[in-house]
Amino acid sequence: MRYTELAFTGPATFFKAPYRPLTEPWQAEVGLLGLPYDFAVGYRPGARFAPNALREASGRYAPGPEGWFDLETETYRLQGVHLVDAGDVDPAQLEYHETFRRITEAARALRGRVKLPVFVGGDHSVTYPVLRAYDDLEELHIVQLDAHLDFSDSRNATRFSNSSPFRRAVEDVPGLKQITVVGLRGLRTNPEAYQAAKNRGHTLITARTVRENLHGVLERLPKGQRVYISFDADVLDPSILPGTSSPEVEGLSYTQAMAVVRQTVTQNQLVGFDLVELAPNLDPGGLSALVGARLLAEVLACWAG
Amino acid sequence: MRYTELAFTGPATFFKAPYRPLTEPWQAEVGLLGLPYDFAVGYRPGARFAPNALREASGRYAPGPEGWFDLETETYRLQGVHLVDAGDVDPAQLEYHETFRRITEAARALRGRVKLPVFVGGDHSVTYPVLRAYDDLEELHIVQLDAHLDFSDSRNATRFSNSSPFRRAVEDVPGLKQITVVGLRGLRTNPEAYQAAKNRGHTLITARTVRENLHGVLERLPKGQRVYISFDADVLDPSILPGTSSPEVEGLSYTQAMAVVRQTVTQNQLVGFDLVELAPNLDPGGLSALVGARLLAEVLACWAG
Amino acid sequence: MRYTELAFTGPATFFKAPYRPLTEPWQAEVGLLGLPYDFAVGYRPGARFAPNALREASGRYAPGPEGWFDLETETYRLQGVHLVDAGDVDPAQLEYHETFRRITEAARALRGRVKLPVFVGGDHSVTYPVLRAYDDLEELHIVQLDAHLDFSDSRNATRFSNSSPFRRAVEDVPGLKQITVVGLRGLRTNPEAYQAAKNRGHTLITARTVRENLHGVLERLPKGQRVYISFDADVLDPSILPGTSSPEVEGLSYTQAMAVVRQTVTQNQLVGFDLVELAPNLDPGGLSALVGARLLAEVLACWAG
Amino acid sequence: MRYTELAFTGPATFFKAPYRPLTEPWQAEVGLLGLPYDFAVGYRPGARFAPNALREASGRYAPGPEGWFDLETETYRLQGVHLVDAGDVDPAQLEYHETFRRITEAARALRGRVKLPVFVGGDHSVTYPVLRAYDDLEELHIVQLDAHLDFSDSRNATRFSNSSPFRRAVEDVPGLKQITVVGLRGLRTNPEAYQAAKNRGHTLITARTVRENLHGVLERLPKGQRVYISFDADVLDPSILPGTSSPEVEGLSYTQAMAVVRQTVTQNQLVGFDLVELAPNLDPGGLSALVGARLLAEVLACWAG
Amino acid sequence: MRYTELAFTGPATFFKAPYRPLTEPWQAEVGLLGLPYDFAVGYRPGARFAPNALREASGRYAPGPEGWFDLETETYRLQGVHLVDAGDVDPAQLEYHETFRRITEAARALRGRVKLPVFVGGDHSVTYPVLRAYDDLEELHIVQLDAHLDFSDSRNATRFSNSSPFRRAVEDVPGLKQITVVGLRGLRTNPEAYQAAKNRGHTLITARTVRENLHGVLERLPKGQRVYISFDADVLDPSILPGTSSPEVEGLSYTQAMAVVRQTVTQNQLVGFDLVELAPNLDPGGLSALVGARLLAEVLACWAG
Amino acid sequence: MRYTELAFTGPATFFKAPYRPLTEPWQAEVGLLGLPYDFAVGYRPGARFAPNALREASGRYAPGPEGWFDLETETYRLQGVHLVDAGDVDPAQLEYHETFRRITEAARALRGRVKLPVFVGGDHSVTYPVLRAYDDLEELHIVQLDAHLDFSDSRNATRFSNSSPFRRAVEDVPGLKQITVVGLRGLRTNPEAYQAAKNRGHTLITARTVRENLHGVLERLPKGQRVYISFDADVLDPSILPGTSSPEVEGLSYTQAMAVVRQTVTQNQLVGFDLVELAPNLDPGGLSALVGARLLAEVLACWAG
């Protein structure tokens, strides 16, 4: 009695997967959790609307039981992988400590249910409470695709904005080892943050380096580790994803960004993934949400092998 | 672990009600069913996106167990009413006979589950297959709020467009008695449709009449009947709801339209309600979806008493 | 082989009328001429796009040979009236004297072809060269629906902006008698223009007066005269027509504005009509062009009787 | 060498007044201070962009030394009134206590410089720290034009959102006497807030009451008091001001709202005014900012007498 | 008396060519026919508006009698080529068999009038009835620029959607030989369609192959054949043409797509061209229509030699 | 008491520099002057809004006293450079001779105050009156980044449109030597203009040449000269800057355009820079203004060394 062929039928969940709140018991291979929080953005807000916008756009990529057929390899992708939409964490608005507490709690719960937890922001500040949920791991590596360092100790009188998630994380997550940042660019880098990242031995790779030597960049990615990938939408060139708070020209192409993600996933154990800083309201034509949904779909397919 | 205070957290369902597909067994007081079909629109499409847009906007009006507190009467509304989001009927795109078959089937199923079925279009053509699901009733009255008659035998080479739902319904639904249309206006009325409606004894009330004598209009509404209300978004003045295929100036105010709905609901037995022709893509500021969600909320509260 | 039922089929001409350039010989009852000139706007441009936008929107009101059936009077309107789209005058961009020369020349030509010439701007500056084409009339009255006087001698270093068309016209059109302005409002009136209009004996009627006593306003309109109506889109309340350079709150409702137009047309000989200052680009939902097309349609029907 | 006739020339300041930061010494009759803070909005953000949008739009109403000529009274308004743009308070983003401290400090400074301080939000939460700057007054009355009470003790885990400014203010501002709220409506009133306001003796006037008896409403306004007016943009009907986080149908017309403001200003001593909750990004046609600028202009003119 | 230098003067026809309906007798070198039909789109509608949007945008490329001067080759292009706008086929809305009958009939008529018929969609389903008008040819080759195969036997309960035009065409057009598809990509290929295309011996070239070896791709295009080119707007990267129902990242650059078109035109006999799936409403900045008009212009110039 | 960390606080001036009108005495290293004039655009207007839009967007790049830290070179840029916002020249609307007189006068004044005058248009016609302010130089070279020649003697009946600034400049500026144009493309070049530029010995470099051999292009730029750079926004590919009147596909990447600018600045003495033809209203997502502000920032940093 229900039919699922058209992309736009609802209610919209991630990839038309069943919605199962974390208050109920369930297990799955992949769980997607929305984090509609953008109160930590210092410029153009709107990422709070991303989880629902990505749910709607992802209807185009609902895999169905047979998965997708891949033209290039003539194989099926995502076949039989069990996905669940775990809903959203409700932010406590101004009270960021409480919001972050809720996020950490939900992320821990999600980790207990699925092999691959996927977090859909929200602004980049949410990565900090998400990473706190990984404090039981002895070793955790991060690959961050981002135009910006997001490693400031403080900005604009606060230590918890979307400029600081990784700075806070290295303080609170004992197993957090190497952070590899790919796609850096822009006129204004926080020098204190830059120095701190250098001092801690982070691998910092600019977008220019990606353009000039993608192969070399792929070589510098972690291998054989437990890796969490944090994908900031602004790592992509704004021509392909304009809907983000702080777009920066000279970004990565979709192909380049996916090469970094694919290489990372293939040669490591992926323990988590987030997509943040996508603001659908800043792209009235709707392309950004479609690109974001496509990206999530491809990450899942890549992870499922 | 989950919090539901903010309007925009997802996955979006109608009024944050649980989603229960019609393939599962359940009973509730109110069920809302999306009909994302706008292939019968002859002008500006987009009503296919209305069910999901209204789900998102209706997050503002999620009642919670205690309902809403009404400032004017100092009472609680919708307290304890059990709502279900029954999902969408998936249209068969070009094959309208098949789409209409699916809609009738789903509408029948919904009627069997709930006291008040609410249908969220989609263009106005969907009202015809919905009404077919009421063919067991001995008597059914319709109150249609609409700028247009929608009673054409044929338009533009088809008999099933959004100009003809009530013409088809009177042919196929034996118990269908009086149709009362409120809000008519515009330069171009189909004279054949007008004559046919007059011949069948329909009550035709123009928007001008509503403006000049709302009280008299309320007097002419059915009383003590089983009534189905079909609410075409274009009955409202486009200043308050611009997101519709064929806006017509000099429309009803929200207050006037709600007066007609309220009076109808109060003095009859409401057996169904639809909201159609809302095209969210034609209102980039988002007001239309918010007004539509508010309207649905108020209808529910009015019905629940 | 060609079908004309759907509103959006092209090429778009005014009301799907045949396009006949003024370089060819023809006669008709009504001719519509586009004046896509907005270089005289001092604030938000875009009226240059109005003629084509109104052509597209007017497809909804293509009368066909039988005209439209009017629900309220149960009669047909515009039946058999012969309309022609006379194309656009190509502006000479910066060289306004040349543009105005072309407009006057085209307006004279159009007057020689049709009973009712209709001019579709463009900004309000075009009314001046249009009125120059009426310099053969011994007596000409003007009814101007407008939020602003547009009677400035000079503004911002120029005497030919959209603030001055009527000031220039009274200098150059010898038969121009009374000017009746309806709908005035706004914080900033040019005192010199106001005094000059008072001195010349113009009838100045504010929007507040229309709201408070529409009947009295209708009494003050000219009777038994040759009248040219100049309709500035900003006379309407911006809630119903937001697409205009300089919207002013507290405007006329569509009903009020049409009452003024209808009364004027009924009790006088209409020798010309213009619709100006509609900027479709300032209304992304498209309502303004639809309202403008509806207004033109109703003026034609009203004139045809 | 500089010319100021066109509305859109920059840099944009409020009414093209000189920008004088509060760090410098100066005195004026009116000072306008921007409060670009919307981190306390629980729904659709964007009010952070209002101060600059209103600066741009207010270029249309730059009075010049001679003021504006008023058509209706044939007098000049705002003639010779000395205005200053005092700039913006820079918010501390997430750290609302610090933001509020800065706002209170700036509001105190502004009060020391001008006869009429005008505050341009920002969301409604900013009214709380502004009112703290009036804690030296023995008696202060408030007239709040608003669709919502904004008197919640707590909402969504925080006590400082845009739902609570007046609740916090009555706790911290000892001289704060009567609060008169005009324009209340909407389905969801916080019952605890409603009861608390009733208990404290607030005057609560619904939008329906305004529609039904404006004269009676004007009678209930304070007289002969020191009054602060807080104007929430959502008191207006969304047809005229759609750019606001939480629009509510059945709002006040511009004329009704200005009648309330004018009466309040005329019969009291106005000690402050704020305009909040205008989100220009939610109105792509730009009307909302123009209406907001017009409103500010009219308040100034009304105050100046 | 009429001037044609500015791009935006109307009425808009393709390249400001004369409009000559197919009901009248005429001959020309090139005829452009609009097919404003998008009822077969399963995702985001709007291509019905493309013919008129492309007429407006193509005003920028009106060649005039002398054609355009080409900077690179220092020669004139399109000099003296006689173009005609043949108008639109009016769709029968829901009744696709009737719509397709009209399209085939009109396409046959156009082929009888011109050397190069150009079809402007509409969604991709229209290519099927267009190709039926070529059933007299003994041999017909197709070059399809497209992100998707569009060779499904059935999708979503219909065999006539925009996913199936070429599947239907190979059934009904006896002379249809090789189909070469360039630009394929995306996650979800219909495996049945893929296998059927392989079995029939189609040449399938991915976008990745174009990026990696454009020269090799050009080698694989047909030579010395009668060729029909079907250009789906989504073959282009969405950064350059975002206004399309189903954008896919990693698309062809304009330069790459034109290289394929140019090579095809140069070494074959072009018997028809269509541009489909451009949805102007999905690109509020208007770039997509401008790119589409430019593309059509370049195809004409390329064909004219 | 005032804080300047957030990008969107106002009043918006270029890079949050102090506003100092040219009527006051001051000296600085860099002065930015707005020229909000777009009455010479023959297609899509809106560049009149660019100066204020760029002021708002440039808040993201406010350097502060310490300048920006550059990640790639690990140095500080723009450290201690004294910037001033010199305001806008108020255009005389239709009276272009007067507007141009004002622009020349202001440009002369600015040259007397600063080392590097930066002009922010406005359409490209403004470059002519700006260049007149350099008529005291014995030798002046121009590097023009542009999709179009802008060297027409006349277009559409005027000699002063945005197609002619350099033609007029070579007539009136005696020291004007070589003009190097980079980025040419598009279907329609004015042959008379092309021949005139060739005859005068201009260096004309197409966008294709830049793509094929950027190094060779950099070799052809002037060396050791006094150079004025005129940057037309349409030189960039519209995927990265869609907000411009006449976008042309196959444009320069940001990286390519900056390479040309950087090389020019490095090996010459930069005496002036303009950015023109950016129309923010044509890019509702706001990317174009952000890219324009970034470009200006980078030019300043590059010039400061």
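Order as written gives the chain letters A, B, C, D, E and F; numbering starts at 1 within each chain.
One rule holds for everything that comes next: a contact is a pair of C-beta atoms (placed from the backbone, for glycine too) under 8 Å apart; a residue touches a chain by one contact, two chains touch by 3 or more.
Chains and their UniProt names: A, B, C, D, E, F = Arginase/agmatinase/formiminoglutamase.
Quick caveat: nothing in here was measured; it's all calculated off a predicted structure.
Comparing the chain pairs A-B and C-F, the larger number of C-beta pairs in contact belongs to A-B.
Repeated interface, listed pairs B-D, C-F or A-B, reference A-E: B-D, with more than half of the contact pairs matching by residue number.
Two copies of one chain, chain C and chain D, touch each other, and the residues they use overlap weakly: the shared fraction of interface numbers falls below half. Set against the C-alpha centre of chain E, every other chain centre is closer than that of D.
Here the CA centre of chain A is 38 Å from the CA centre of chain F.
Counting partner chains per residue, chain A shows two or more touched chains at residues 3, 5-6, 8, 42, 48, 90, 92-93, 156-157, 237, 239, 284-285. Touching chain pairs in this entry, ordered by label, are A-B, A-D, A-E, A-F, B-C, B-D, B-E, C-D, C-E, C-F, D-F, E-F. Those residues of chain F that touch chain C in the complex are listed here as 38-40, 42, 45-46, 48, 90, 92-96, 98, 156-158, 160-161, 281, 284. Chain F meets chain A in the complex at residues 3, 5-8, 60-61, 68-72, 74, 76-77, 237, 239-240, 253-255, 284-287, 290-291, 294, 297-298, 301.
On the side of chain E, the complex with chain C involves touching residues 1-6, 8-13, 19, 21-23, 34, 36, 48-49, 51-52, 55-56, 85, 87-93, 102, 105-106, 109, 284. If you check the complex, the residues on chain C that touch chain D are 42-44, 155-157, 184-191, 194, 204, 206, 208, 237-239, 242-243, 246-250, 282-284.
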